[in-house]
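What follows is a group of structures, each given as structure tokens.
Each of the next two complexes has chain A plus one more chain, namely chain B in the first and chain C in the second.
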Partner chain A sequence: MTATPRKLFLAFIVVLLAIGAVLPGYVSPYHTRVVMGFFMFAGLASAWNILGGFSGYWSFGHAAFFGMGAFGAAKISTALGAAAGSPAAMILPVAGATLIVAVFAALIAYPILRLRGIFFAIAMLGVSQVVTELVNNVSWIGGGVGVFMPSPVPAGTRPEVFYYYIFGALLLLIILVTYAIRRSKIGYGLLAIREDEDTAKMLGVPTEHYKIASFVLSGVLVGILGAVYGYSLGYMSTGSVLRLDIGLNMIVFCIIGGIGTIWGPVLGTAIMLFITQVLLSGFLDIHLMITGGIVVLMILLMPSGVLGFFNAKRWIRFRERAR
Partner chain B sequence: MSVVLQGTGVTKIFGGLTAMAEVDFTLEEGGIYGLIGPNGAGKSTLFNLITGYYPLTSGDIAFGGRSLGTMATYRRNQIGIARAFQISKPFPALTVLENVTVGAMFGGHGRGSASDIARHAIRTAGLEDVAHRHAQELTVGTLRKLEIARAIATGPKLLLADEPCAGLNPSETVEMVACLRSVREQGTTIWLVEHDMRAVTQVCERIFVIDAGRKVAEGTPDEVVNDPHVISAYLGEPAESILA
Partner chain C sequence: MLFLQTLVNGLALGGLYALAAVGFSLVFGVLGIVNLTHGIFLVAGSYGALLLWEHLGIDPILSIPPVAIVLFGVGYVYQRTIIHWAVSRASLVASLVVTFGVAMIIRNLLQLWFGPDIRTITPSYSFSSVTFFDLRIDLVRLIALGMSLVVLLLLTALLRHTHFGRSIRATAQQPLAASLCGLDVERLYAKTFGLGAALAGASGAIIGIVQPFSPATEAGWTLNAFIVVVLGGIGSPAGALLGGVLLGLINTLTAQYIAPSMTNAAMFLVLVAMLLFRPHGLLGNAMGESR
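For the complex of A and B:
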């Protein structure tokens, strides 16, 4: 990228940030919620991408981390008996839930990352099913009857605006983490693992450590989002957070935008949510059918996602013509 | 001359199959060594044992006087053992420069930044023209060079090159031989598996011959091509002796 497009891109990001910062004051609560949902799902997709996109380990079970984050935060906030109306009361439960997810991910990382490809994907699906059943059936966790979380929203603030900013900040954080990884030695190592794990080993990449690190990091970021999402619901049962569609959305958004790129997951989420929640909001009876059709079409036409499509073909041809 | 690699009684048994039996070898610093033998003799197995891809059943391999034991593959690379695969295994979605940069970043031996080391390796292998192409667009000959470039970017003391000339046309073979010579001039010991006898006898100072997992001969190219064991196991009878 030459200097001018880079500057343009940075300017574009700054403008987006500025618009994002003031947006809730100008749009309806519904649209604030839509953008809040975009922040959360873009964060989830980007977090999934750190493992699935960079190291090539496609997890179909990341919903497990999301649910653990939510229920972990709920259990801790109940145990602490935190008062409502104070955002600071979120800190300990969210940090505790993050730790729970980190320990869980680190424990299952070594055995489960010995599986490759589709076997890893299916094993992670199994993990998420096990977590779902446990949360649902162990009465101490309480997923079956549901749990309440005290609202941390300060008096006088609209809840959707409060969570809008939290999810926005988290998305920003996750993008920065993704960016830092992609540019670092670890990023190169993960890409090498994705491309050919045996060769990566032969070139001195400590593959086991890197895989475990990206697995835990990816899970932890998803867990944090889950914890905050739990707060935003106020009341949740197993089915509110341990949903198969959350785990699948992360993957679909990455594929649509461009898997393994920094901006692909964000772009894919924006495209899909815009189509489903804005364009199709007036056709609730057929919107799932149309969404499914769009996903199939996009995967047929652009198997490497929107960014992959433009990077690989158009962009190279364009650059070669320009030379 | 110090010893780079020494194997004593190297043995590998897969289930009931003895793939490698009591093989001894000593490689001295700065040489180009050959490893030849018929298909299935165990050449690639031996390289897999040296790089730690398989554990030894018995025997010992020492690198720079230090026994490798059960050291992980990536650690062996970091202490200076690199390998170029027989079947090219590029990172297809990455560019040539990125492929080589991975080697430069993790090998941890060269001086200067990873991208400087990568560029130097790319020059040594003659890949400047394709540095920004994706590996999946390259021809077989160029992929072989990429294998070598990526391996030397890790800054190895020992390069195990598994048939670097396989599938190359005569002019590409000449380039590859020149490339290997320049790698050696930069101080890397090379152990070469090759079927092209002309290439082997041209570049190697000493050749090991294995057959069915056993070492059948060892010596200079001249000694080896005239060794009766080698002729019967690998090279075949000279035409005149069959006619006679």
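For the complex of A and C:
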């Protein structure tokens, strides 16, 4: 990439950031919520992408980390008896929930990452199923009846604006983390694992460590989003955070944007949410069909996602010019 | 006595699981595709039996052949078009996502057509039961178990003794060698997929009289099929029977002695443990590529 497109791209990002920073002042609360949802799902897809996109280990069970983050924060904030109305009260529960998710992910990482391909995918689905049933049925956790979270929104601030900025900041953080990983030694190691794990191992890439590190990091980022999402709901039961569709959406958004790229998950989320929430918000009863149809068409027409499709086109044009 | 009764219930449930999984197992073994549409084909079979029962008064057991034939056609065309395109243009893993997308579409269509409500088929013998000594079993469960065993035996005979069965097994072992010997592997793939769909439809018609169903139950059946295959091994009716019976026993024993709400968790714990400690299946014939 030459210097000019790069500068253009950076300028574009800066403009987007500026628009994002002032947007809630100009649009309706409903649209603020829609953009907030976009921030959250783009964050989830990007976090999933660190494991699924870079190392090729497609997890179908990341909803488990999301739910654990939410219920971990709820448990801790109840135990602390935090007062409502102060954003600082969020810090300790969210940090604690992050720690819980990190420990859990580290514990299951070694055994479960020995599985590959479809088997890893289904085993993770199993993990999320087990977590869901435990949260639902162990009365101490309280997923069955539901738990209340004290609202940390300071007086005088509209809640959707408050969470808009938190999810926006988290999305920014996750993109930066993704970017840093992609450019680091570990990122190249993960790509090597995706292309051919046995060869990578043979060439001296510490595959086991890299896989575990990206698994835990990916899970932790999802867990943080889950904890904040729990706060934004105020009241939640098992069904509101441990949803199968949350885990599947992460994958679908990545596929549509372009798996394993930095901006693909964000772009995919934007496209899908625009189609389903804005264009077709009036056709709720055929949402499933539309989502399924888009997924099938994408795989058949652009198997490497929108970004991969255009990158490939650019590459072909570049080669033709070089001739 | 309670323990024996639990075992009997588990065995009856296991027969159903085995039949529900055998088509999935066949497609997985021969084409290498994890067919996430399997569960929705099964539910479609249940709805097919429901239609025939409500409008024509045909007994669900007699509706097995027509339902199976229709689904064979659907499966055949589906493999020749969408599945084939996905595998040749993208990858085998992409077929996982494509079948998932198709499952969503069909599920939505079924919801629009029949509504999202839970349905049952209740022929005249629904509420009778049979008693041996002190063990009691519902007549429908007994019939379902019997029909499952009949279909599994027919399938075994088909795979063992017919030219079609032999070519399926040959293709499963070595697609390239099979095509060098003059088999049309592409057509065979489509026929195998059709057979898998037909088996799903047949089990759906049988399951319709035993258990309530709705479009949303499809995901559970697909996952059950996967667990059965992991437990019993890929591609053989005997393996499906073993896996199915084990799964049925795990299910009823957990429900009886731990908690009814923990059955899914127990099934998945067994699945993860199997993949980790005995990835080749209990019979030692499958899952070599799981790691």
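Observations, loosely collected:
Here is the rule we go by: the second predicted complex is superposed on the first by the 313 of 323 C-alpha atoms of A that agree within 3 Å, B and C clash if a C-alpha of one lies under 4 Å from a C-alpha of the other, contacts with A are read in each partner's own complex, and residues count from 1 in each chain.
Throughout what follows, a residue touches a chain if its C-beta (ideal position, glycine included) is under 8 Å from a C-beta of that chain, and two chains touch if they have at least 3 such contacts.
This one's a predicted model, so the numbers in the text were calculated from it and none came from an experiment.
After superposition onto chain A, partners chain B and chain C are found to sit side by side with no clash.
Once chain A of one complex is fitted onto chain A of the other, the partner contacts of A:V130 are limited to chain C, with no touch recorded for chain B.
Of the two partner chains placed by superposition, A:T78 touches none, neither chain B nor chain C. Of the two partner chains, chain B is the only one touched by A:P206; chain C is not. Contacts of A:S237 after superposition: neither chain B nor chain C is touched. Comparing chain C and chain B on the residues of chain A they touch gives the larger count to C. Shared-chain residue A:S151: touches no atom of chain B or chain C. In the superposition on chain A, A:V296 makes contact with chain C only, not with chain B. Contacts of A:G117 after superposition: chain C is touched, whereas chain B is not reached.
Chain B and chain C, viewed from the C-alpha centre of chain A in the overlaid structures, lie at an angle of 80 degrees when rounded to the nearest 10. With chain A used as the common frame, the shortest Cα distance separating chain B from chain C works out to 13 Å.
Listing the residues of chain A that touch chain B in their complex gives 185, 188-189, 191-192, 195-196, 198-207, 260. Interface residues of chain A, counted against chain C in their complex, comprise 58, 111-112, 114-119, 121-123, 125-127, 129-130, 133-134, 136-137, 244, 248, 251-252, 255, 285-289, 291-296, 299-300, 303. Within the complex formed with chain A, the chain B residues making contact are 51, 53, 72-74, 77-78, 82-83, 85, 89-94, 98, 101-103, 105-108, 114, 150-151, 154.
Of all residues in chain C, those touching chain A in their complex are 34, 82, 85-86, 89-91, 93-94, 96-98, 100-105, 107-109, 111-112, 219, 223, 226, 259, 261-262, 264-265, 268-269, 271-272, 275-276, 279, 287, 289-291.
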